Amino acid sequence: MAENSLLAFGAHPDDIEFGCGGVIARETQAGRKAHFVICSKGEAGTNGTPDQRANESSEAAKILGATVEFLELDGDSHLEMRVAHKIKLAEIIRREKPSTVLATSCVENQHPDHARLGQLVRDAARMARYGGLEELKNYDVHEIEQLFYYAVTPDGEPTDVMPVLIDISASEVIAAWTSAMLAHGSQGATRNYLDLQLTRAKLLGARARVEYASALYPNESLVFQSLSQVGRGARNF
Amino acid sequence: MAENSLLAFGAHPDDIEFGCGGVIARETQAGRKAHFVICSKGEAGTNGTPDQRANESSEAAKILGATVEFLELDGDSHLEMRVAHKIKLAEIIRREKPSTVLATSCVENQHPDHARLGQLVRDAARMARYGGLEELKNYDVHEIEQLFYYAVTPDGEPTDVMPVLIDISASEVIAAWTSAMLAHGSQGATRNYLDLQLTRAKLLGARARVEYASALYPNESLVFQSLSQVGRGARNF
Amino acid sequence: MAENSLLAFGAHPDDIEFGCGGVIARETQAGRKAHFVICSKGEAGTNGTPDQRANESSEAAKILGATVEFLELDGDSHLEMRVAHKIKLAEIIRREKPSTVLATSCVENQHPDHARLGQLVRDAARMARYGGLEELKNYDVHEIEQLFYYAVTPDGEPTDVMPVLIDISASEVIAAWTSAMLAHGSQGATRNYLDLQLTRAKLLGARARVEYASALYPNESLVFQSLSQVGRGARNF
Amino acid sequence: MAENSLLAFGAHPDDIEFGCGGVIARETQAGRKAHFVICSKGEAGTNGTPDQRANESSEAAKILGATVEFLELDGDSHLEMRVAHKIKLAEIIRREKPSTVLATSCVENQHPDHARLGQLVRDAARMARYGGLEELKNYDVHEIEQLFYYAVTPDGEPTDVMPVLIDISASEVIAAWTSAMLAHGSQGATRNYLDLQLTRAKLLGARARVEYASALYPNESLVFQSLSQVGRGARNF
Amino acid sequence: MAENSLLAFGAHPDDIEFGCGGVIARETQAGRKAHFVICSKGEAGTNGTPDQRANESSEAAKILGATVEFLELDGDSHLEMRVAHKIKLAEIIRREKPSTVLATSCVENQHPDHARLGQLVRDAARMARYGGLEELKNYDVHEIEQLFYYAVTPDGEPTDVMPVLIDISASEVIAAWTSAMLAHGSQGATRNYLDLQLTRAKLLGARARVEYASALYPNESLVFQSLSQVGRGARNF
Amino acid sequence: MAENSLLAFGAHPDDIEFGCGGVIARETQAGRKAHFVICSKGEAGTNGTPDQRANESSEAAKILGATVEFLELDGDSHLEMRVAHKIKLAEIIRREKPSTVLATSCVENQHPDHARLGQLVRDAARMARYGGLEELKNYDVHEIEQLFYYAVTPDGEPTDVMPVLIDISASEVIAAWTSAMLAHGSQGATRNYLDLQLTRAKLLGARARVEYASALYPNESLVFQSLSQVGRGARNF
């Protein structure tokens, strides 16, 4: 993967698009590479066959300027905390060498897979830099620069971590994001979800004094070379 | 005040130096302007006359490349939450037009004035942008970009806010910071304090994978134009 | 005041309308009495004279089916924690004998008066039932049934208290709420605020599986005669 | 199961009785149906054979007006977070179609099975409404109305969630609850536990201004059609 | 005051007795000196004249083996955060030279004076050791060993600080505590309060594996010369 | 094991030494017995063979006056939450009969095994006292007195639990601790780790008003026979 690239993990075919598609569009439109790893084909959902959903994901990823792969862990709604999964995820991190990793937040929410995947990715990002892991010997150790969590729905938003807010107001960003969400056409409720996500982004935008913003939750303190590189505070109303 | 300038508030003559002197040195050495407002002359301290302490502060500010002024509120150890104080502080913010404001954290710690001053500055930063305040009519409304808190000692560090870590490892930064702390010679325990602060910075540096780092606690979420502007995560050990 | 009545406190002429106007409309349309106490005339705001703003408040209250009075405490942006204020607020509680009291939340947010007023009302509600307070001897002791906080803007929402969500989807409720917000015409940004509030209510509605919902934050645990009286959980998406 | 019914899960034969038996009695005496699912026979306890304990549970359930079944998961003290368990629990939820589900709290406490079971039930309640789960195809999707946690002992009480307090003061409620606890006669310490639970209920009652109260911890925000349906606040002393 | 002595502050005539009377009895019966400072005569209460209440306090203190004085601050229910109060309280600390200070907790609860007094005592304990405070020049600087908070009622118990639990099971301790609570005979509800407090102590005792225990909340981390001096953990049920 | 003995668990060969070696030295030099259980041979680390690391551990334990054993669970970086592990750990607790147990903290940090081991030991300590566990029938039930967590690095320090601080300033304690850390010579970064740990201890010492201190985090409230046995508060600066 190219330098300064993004690697995003989702538990289901539409998690990334709904949870942080705006940020992905913002970054890829600015020239960063992005790759998606989707850890089920949504086979426990009410609508859409696995094939349909995989196709929709591929379409959505293309719209967002990202490549995509599917990873078989335990299957939709069946994800467990297994070291074997962490190894697989760490291997992908070593192979892709991203600077930034994005994953579903570790906060319990309406889908049990989300928090579980966040925890697995967090541990995998650590294991990607341990030198002695036999199962990972095929790839060089890799140390990522940042791990951020996104929340697929508001109930997955951590309340004890201050998010960084990314300005996604540019019309071409919103357009790409919207198209990517609409690509998941098999999902009956897609329209409502789209609405929900744009509403969230608008409300966050109001806090950030921009039109639309998206929240990412850092896994650890952020380090800056100087204070002048730190973003401005979201103070409004 | 020049664009992109810093305005730092301290409750006592040495709060700024001990609590965030390294960051100040880092920024002024990179060309930013800085101004200190010190809200007592430390007259409740065991050692040093008010005059001595004011002189030491002036000396320390000079070393850190900052200008300094003294503000009379209620006197050392006597600070109360009064709107009249907020007005005075807001007036200074309007006059100085800083982009960044630094204040002692709002966490209760070994000196009651610290948390009180943090709260007063927070409110003052808000009032600086309200249009209809009669007492502030002499100055134009001013909206700051960022409000950060610093902790004079470890017990003032908020535990519920993830700090941003600023790399202050450059030898000229550490040298200026050290000199500024030593300028407070009337304080018998200065040597120990100096040691304490360098120890804190070294420990934080270890977390941030640099030699020395200093922690600032944002008052609200930080907004970035793009994810690539966000600092890297402090992941180490 | 009639039995089962509501008493709402606001720090500025539009706090109640923007923060919980939908709930007020819901309740008054169902026959409950409501009374507003507004603790300044917004004289520190950029737009609108005190007289204009008082008129707008009266108009908005009428739309929401509530009566209104203005209370002079320290003036807009000048509110301090004084026992004298608590006495005044407790006196109103004794006079109005509400079952439910609503106040701005105690969480620090973009306007310092909001959290202060929440704290004052909380203490006043307690003092309203102390038998021996000389200054309150003109009124009988009164014990309210519930104290809820509302958040004028999202940054005033407590993150450590689970809110109760009130369904305000009925079209006549939304219509009255919208009109009441629009009654504050002197405020240049009213349109944006209206938008912000409807967006918040829509997002909460999505969580509560209704069209629009509003969040109230209880000051203490809620007591029910039986579990079957407790509302259903907001589980969605 | 009848409309508006309760489904309560316990990790051991006496968890439900000790943790929320008073609430169960209150509801069944008012005509609601209740069913207990007990996920071990307490075979790791010091006293009582599995058979004895199952008999005691059946007797206690009868006293509380509930039906009961035993579910074999990993055995007493051996409970692990397995998706297979969630499937079993979700199947029961689909079969019983309860409006309210009760489970041991997710807070770590003196018995590891308690928190584990709370987490399993939480996920099961979500899975009960996912349309595409193959293993659950024999039953229709079911969406519960409420998920509440109870704490078997005080160290399992969440400190970050405000409980709802249910008035269980009626003498016939206390009588049934007491009998149900005493039904667990094989447990040497039953008397002390009984005492402990009545003491807890009395202390909570003092807060709620009734004789005895029991605390339930909602898994998510509660939604009400109107504010007047929300219980009164527990404000006392 | 003698070495190793206790200084307890209460906002009203019965706060100390109800909130931590058992601990006081335990310590004085073991030979420690104790002194009470009561910061109002309960003049806002429904029952009892100030004179009656002062007499009851003196009687209760005698039963607990403590001396007592009354301090006039702002009067019952009128306590404000004033530096002048802190000075008075600090002066008493310097005069009495206690090793341990006890005060009402800083958690908001059913009486506003309680949290306020806790905050004032906390700051006073700090000011007692500042060398340069003019108003305190008549007394030598004094550094206390420990500051603990007690909760008059359960809603004043901090939920974010782990208490230390003191065994107060000895029958002569419970007897003295009970008598001291009963000494406040003018209070109509004394019987209920007594009951409430013994119930709390019994429940805590169950957690601590003793008959009765009382909880104190340390203001800061506790320092021990060795791990073997640290009390055993409260693990029970 | 002798009365009043310590049992410390580490996930890797150097966890105990780096995380709480100073406390161990303090206690063994005062005559307490200590035993280490190390749950992997660090085989996923970059440097050092399993044999080398086991030798280093044995050497370090000897320096700290402790005995040591190695326990095979899932291997370095592979630790999962399995009941089978808890049984093994509980068996060791029953066999060793320690009064105090020390384990890595349950806070997620730079190594996933640390938090996992803390959780396993916590549950094992409970299971050690359950009478009916078949797998543990070979050993008598044992109830420990205290469970404390230590943090291998600062990111493993709980922020929601107040630690107890142990004075480890004695020069022979620091000498033994330093030697024990240096015994892990295969680890290239040992020097830096040593430095980090001494820096942490020095900073904590400054808070505790001693030269060096170490923090232990209690798993539950601590019980004392009398208030005079409770350590003094760490109040400094």
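Descriptive notes on the structure:
Should a chain be cited, it is by its letter among A, B, C, D, E and F, assigned in written order, with residues numbered from 1 in that chain.
Everything that follows uses one rule, which is that a contact is a pair of C-beta atoms (placed from the backbone, for glycine too) under 8 Å apart; a residue touches a chain by one contact, two chains touch by 3 or more.
On a predicted model such as this, the values are computed, not experimentally measured, just so you know.
Common neighbours of chain A and chain F under the contact rule above are B, D. Greatest Cα centroid separation from chain B: this falls to D. Note that among the pairs E-F, D-F or B-F, D-F reproduces the A-F interface, with over half of its contact pairs the same by residue number.
Think of chain B turning onto chain D: fitted on CA atoms, that turn is 180 degrees, to the nearest 5. Work out the mean CA point of chain B and of chain E, and you get 36 Å between them.
Inter-chain spacing, taken between the CA centroids of chain C and chain F, is 52 Å.
Among the residues of chain D, those touching two or more other chains are numbered 81, 110, 126, 155, 160, 207, 220, 235. If the chains shown are joined wherever they touch, the resulting network has some other arrangement, not a path, ring, star or complete graph. Inter-chain contacts, as defined above, occur between A-B, A-C, A-D, A-F, B-C, B-E, B-F, C-D, C-E, D-E, D-F, E-F.
Against chain A, the residues of chain C that register as touching in their complex are 110, 152-155, 159-160, 192-193, 196, 199-200, 202-203, 206-207, 235-237. The residues of chain D lying in touch with chain F in their complex are 42-47, 74, 76-81, 108, 110-112, 155. Residue ranges of chain C in contact with chain E, taken from their complex: 81-83, 86, 122-123, 126-127, 130-133, 220. Touching chain C in their complex are the following residues of chain D: 4, 6, 23, 26-27, 30, 32, 100, 126, 143-148, 160-167, 207-210, 213, 215-216, 218-235.
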